[in-house]
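Both complexes below contain subunit A, partnered by subunit B and then by subunit C.
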Partner chain A sequence: MSVLTISDLRKEFGDLVAVDDVNFAVDDGEFVSILGPSGSGKSTILRMIAGFETPTAGTIEIEGENVTAAPPFDREVNMVFQSLALFPHLTVAENIGYGLVESGVPEDERRERIAEMLEVVELSGYQDRNIDQLSGGEQQRVALARAIVNEPKIVLFDEPLASLDRKLRQHMQFELQRIQEETGITFLYVTHDQEVAMAVSDRMLVLNDGEMEQLDSVETIYDKPASKFVAQFIGDINLVPASIVEANGTDVTVDSRGNRIHVSDAAGRCVDAVSLEEGADVSVGIRPTGITLGDPDREDVFSVRGEIQNRGYAGDETVYTIDTEYGSFTANTEDRSYDIGDDVTVWWPADEVYLFAPETETASVSDGGGEP
Partner chain B sequence: MSALNTLEGFIHRHGDRIGRGLMVLILTLIWIPIGVVVLMSFAGEGVLSFPPETYTVRWYAEVLNNDDAISATLTSLRVSLVATPITVLISLLAAYGVARYDFRGKNALQALLTLPIIVPLVVTGVAMTLFFGNINLSSGFTTVVIAHIVRTVPFAALIIIPTVIGFDRTLEEASKDLGASELRTFRRVTLPNIMPGVIAGGLLAFTVSFNEFVYTYFVRDTATQTLPVYLWGLIRYGFSPEVNVISVLFLLLAAGILLVAVSLTGLKQVILRG
Partner chain C sequence: MSVANRGRQVLESGAEYVREHRRARLGLLVGIPASVLVAFFILPLLTMAWMSFLADMPPAPLTLEHYIRIFTGDTYITVLWRTAVLTVQSTIIVVVLGYVLAYSIARFTKRATIVLLLIILPFWTNYIVRMYALINIFQSGGVLDTVMILVGLANEPSGIMYSHTAVLIGLAYVWLPLATFPFYASLTNMDGDLIDASKDLGAGPIKTFLRVTLPMTKNGVIAGIVLVAIPAFGSFITPALLGGTNVLMVGMVIEQQFAASFNWPFGSALGMVVTVGVVLLIGVGSWLGAGGKLAGGGDE
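Entry: the complex of A and B
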């Protein structure tokens, strides 16, 4: 059963449409991320679910009950704020127990539940500390504990990890997953950081300009993006302008400046509505991870010559920026043998190709990454 | 130019000495007269000789046994204790309006609330006297209280408005999110967090009100004699040792309020949790 059902949700601020007819449902115990660039309306959706904003149209149901007009204090959801919003005048225990006091939990039980919760977030014995005595990571845990201790139907996260450094953020991601599994509470996590979203969630909802682009599992969104926006926002993609020179149903050959590749399952590789007629213009997209450097070891690949402009390390992989006749390409590979200035062949097989509607500009695009 | 350069060079070389000298001068001008008043309040010969040859607390006893002085002190306390809470309430409401709502003339309101600090006191004094006359409000306790509110609101607003504006409203959202109603949120989160600023504003208002003389002199009747007005009356008929004693009492009150303010902010954590 869906713990949360959002129907035709719309929010206008004056002339601005912040959220435009959004529909989705979240199952009990799921970890769902709402991902989008800043200004895409993701925080507005979260604030409407929490009750801080009133939708212009549409309904919000929590466990089948329509709460669209209910005030924040009458909803069984709790939020972890971007600024954390811990109460500076209260201790750790008083912060965590705040909601329990409001719901009339007796003091003994309160003390017990606060202690249990501190154990879950690995802050045992921190009851009497002041908030300003805690590190950033510890404050995150208190904020999380304060939300979870009330056993809400859903915990809403408004990018609370954005302020942490990378290492701590990654650690907190694992902690979030662990705590979510332990408690079984549904988590709805808003972020602009695709890395965080991909790491923690079961499903992701990608938003652009207030509209839903795609709601799917992390794997599906990466492998089968529903639009060019999704393809560019979730992981990088290199684009090459091309046209279809032969077409037999979904078995097509695309050509770009004499460089040809044969795609046998073109329908399954299409991201946008692409015409597969002979002579139609398309954009060929390729993930940086689908690129191999060096001489092709098979037939029927798309290959381009280029010069290494830059290289950087990302864990096990090396990220190369390669200057080609199509502009700048990004390639992620385990191959570390190239240096800046080396001439190299860049290639990819047909099963790594995506087909997009043609671009108006000719240069390739590879800057769709996570940072806004 | 060369004269300026010479001067600049001189200041550059002797800047620290000039600064120190100025500081000593300022401190002297401010504190020596006060020190003299304190010293003289214990003078055995009254106001006749300086420095005093003998010391006594006789003048203190005299003030404490003087019905007029006691009555003036009580009048001052009554006026200040009525005016201060009203001033704090007005400042708090204005602060809420400025912090929470968008309306035309919002900046003007903020300026108009605090600017009267620089309006010459006699101007407002005359204006209030005329106004009270026009609306047939006879001079007395009420007009004095109103005058004190007019005088103290700018000071209280100066402290309370930034406090309320600086309060992070996300904390209120967090409170409501955790199940607290609007009223509970105000009591459990808003009030404790703005309390130090409100108390500081109130203490300042009380101090200003307790020392207020000019407005009071304009709008009072003879029955409403506050301590500063009583003091003024004493001075008119020549210096008496009582004047020094009352001055010291004012000083003690100001110091006491300062101590209260400091301890309140120091004990903030304890008080706010209560």
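Entry: the complex of A and C
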């Protein structure tokens, strides 16, 4: 059952359309991320769900009840703010108990639930501490506890982890997942950080310029992006202009300046609405992780010569920037044997290929993208 | 070895140089304002304290008679009490009006700077001129009476001039801008997300104000109270012009002792009483600001 249903939600600030007719539903107990670059309208959606902004049009339903016009204090959602917004004049226990006081929970029960909640976020015994005595990570936990203790239908997150260093952020991601599983509360997490979104969520909603690009599982969004925007925003992608020279249904051969590759399941590799007619122009996309350096070890691959411009380490993988006739390519590989200035062959097989509408045309926006 | 020693010597003497000169700089920095304070504030205060125990203009023997005179007869107790009442009343009016004003500027005004400028503008007008403006409004047959009778709200002159009310309005009018600024500063310093967080957690606007906004701006409120209460307690021009002899405040009596009666020792004794009262007020204010809780902070 959907705990949250957003229908034709729209928000305009003067001439600016911040949120453009967005539709989606979130199931009970799901962990959904809203992912988009800054200014894509993701925080505005969150603030409308919380009740801090009034939609220009559209409805917000929580468990089937229309709350579009309800004030924030009459909605069963709680928010973890980007600034955390912990009350500095109250102790940890008073912060967590703030909502419980408002809903009239008696003091004994309150104390009990606060203690329980502190246990969940691993801050037992912190009741009487002041907020400014806590580290950044501890404050995050208090903010989370303050939202969850009220047992809301949905907890909204407005990029609260953005201010943490990488290691602590990764730790908090796991904590969020654990706490979400323990409590079973629906989490809706807004972020511009694809890494965080991919790490924590069941499903992701990708937002661009106020419009929904795709709502799907993390794997599907990475493997089958619904638009060029999604492909480029979720992980990197290299693009090569090409045209279709042979077409036999969805079995096509793509040519780019004499480099040919045979794609047998072209329909399944298409990201945009791509014409698969003979002679049609396309863009061939390839993920940095799909690229191999060195001489191809099989037939029917797309290969191009280039010179290593740069290399950097990202944990187990090395990220190379390679200057090719198509411009700059990015490749992620475990192969560390190349150095800056080396000439190298860059290649990829057909099953790593995505097909996009050609670069010159503006990428057509997917039609809402709402999946059932 | 000798090279190393020499190097260390140079380093040490360099460090010493910096240390000494930093002290010297600090001495200058603190010393100049401190000596100004001692010469023009501490010494006069001590002189006043000493003079308040003199029987007559110096040289004269020491006595407690002035204090006895203040606290035994009705006259000065009445004046002190009236002064306290007017101070408390005007402070309450100023705090309520000033807070509402500051809140609406901080939350709902786009051109806050211009509005703040308009609020401070009367401060650049001479105090006496502003008082005469109020006299024009309050006096019998003045603007207030004319308008009230014209509109039909009253049939005869209000007689507000030379009354407690006139002085109260005058004091509130004069000190309102001064209190608005600390309120405004503390309101704009407060993170607006805290208000959203409170509402998000189920508190309505009034509860949010009492549980978050007011406690968070407590220091600004206390600063505003102190800023208004102290000059109001010592004021003498406003009551003299708007209240006349009907509304004697302690500042007027002190002024008379120094300027008209030339009874400086008695004036000094009254001044000491006011000073001690004000110091107590500041003490309570900073105690509240440091640790004490203002209403609404607890679990209600």
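Here is the rule we go by: the second predicted complex is superposed on the first by the 360 of 372 C-alpha atoms of A that agree within 3 Å, B and C clash if a C-alpha of one lies under 4 Å from a C-alpha of the other, contacts with A are read in each partner's own complex, and residues count from 1 in each chain.
FYI, a contact is a pair of C-beta atoms (placed from the backbone, for glycine too) under 8 Å apart; a residue touches a chain by one contact, two chains touch by 3 or more.
No experiment lies behind these values; they were computed from the predicted model shown.
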Subunit C versus subunit B on the shared subunit A, clash or fit after superposition: clash
First (subunit B), second (subunit C), both or neither touched by A:A50: both
Which superposed partner A:E107 touches (first subunit B, second subunit C, both, neither): second
First (subunit B), second (subunit C), both or neither touched by A:Y313: neither
Stretch of subunit C, among 5-13, 149-157 or 239-247, that runs into subunit B once the two complexes are superposed: 239-247
Those residues of subunit A which subunit B touches in one complex and subunit C touches in the other: 50-52, 71-73, 77-79, 81, 83, 85-89, 94, 98-99, 102-103, 146, 150
Of subunit A, residues touching subunit C in the complex: 50-52, 71-73, 77-79, 81-83, 85-89, 94, 97-99, 101-103, 107, 146, 150
Subunit A - residues contacting subunit B, complex: 50-52, 71-73, 77-79, 81, 83, 85-91, 94, 98-99, 102-103, 130, 146, 150
Residues on subunit C engaged by subunit A in the complex (per definition of touch): 191, 193-194, 196-204, 207, 211-212, 215-216, 218, 297, 299-300
Residues of subunit B defined as touching subunit A within the complex: 168, 170-171, 173-181, 184, 188-189, 192-193, 268-269, 272-273
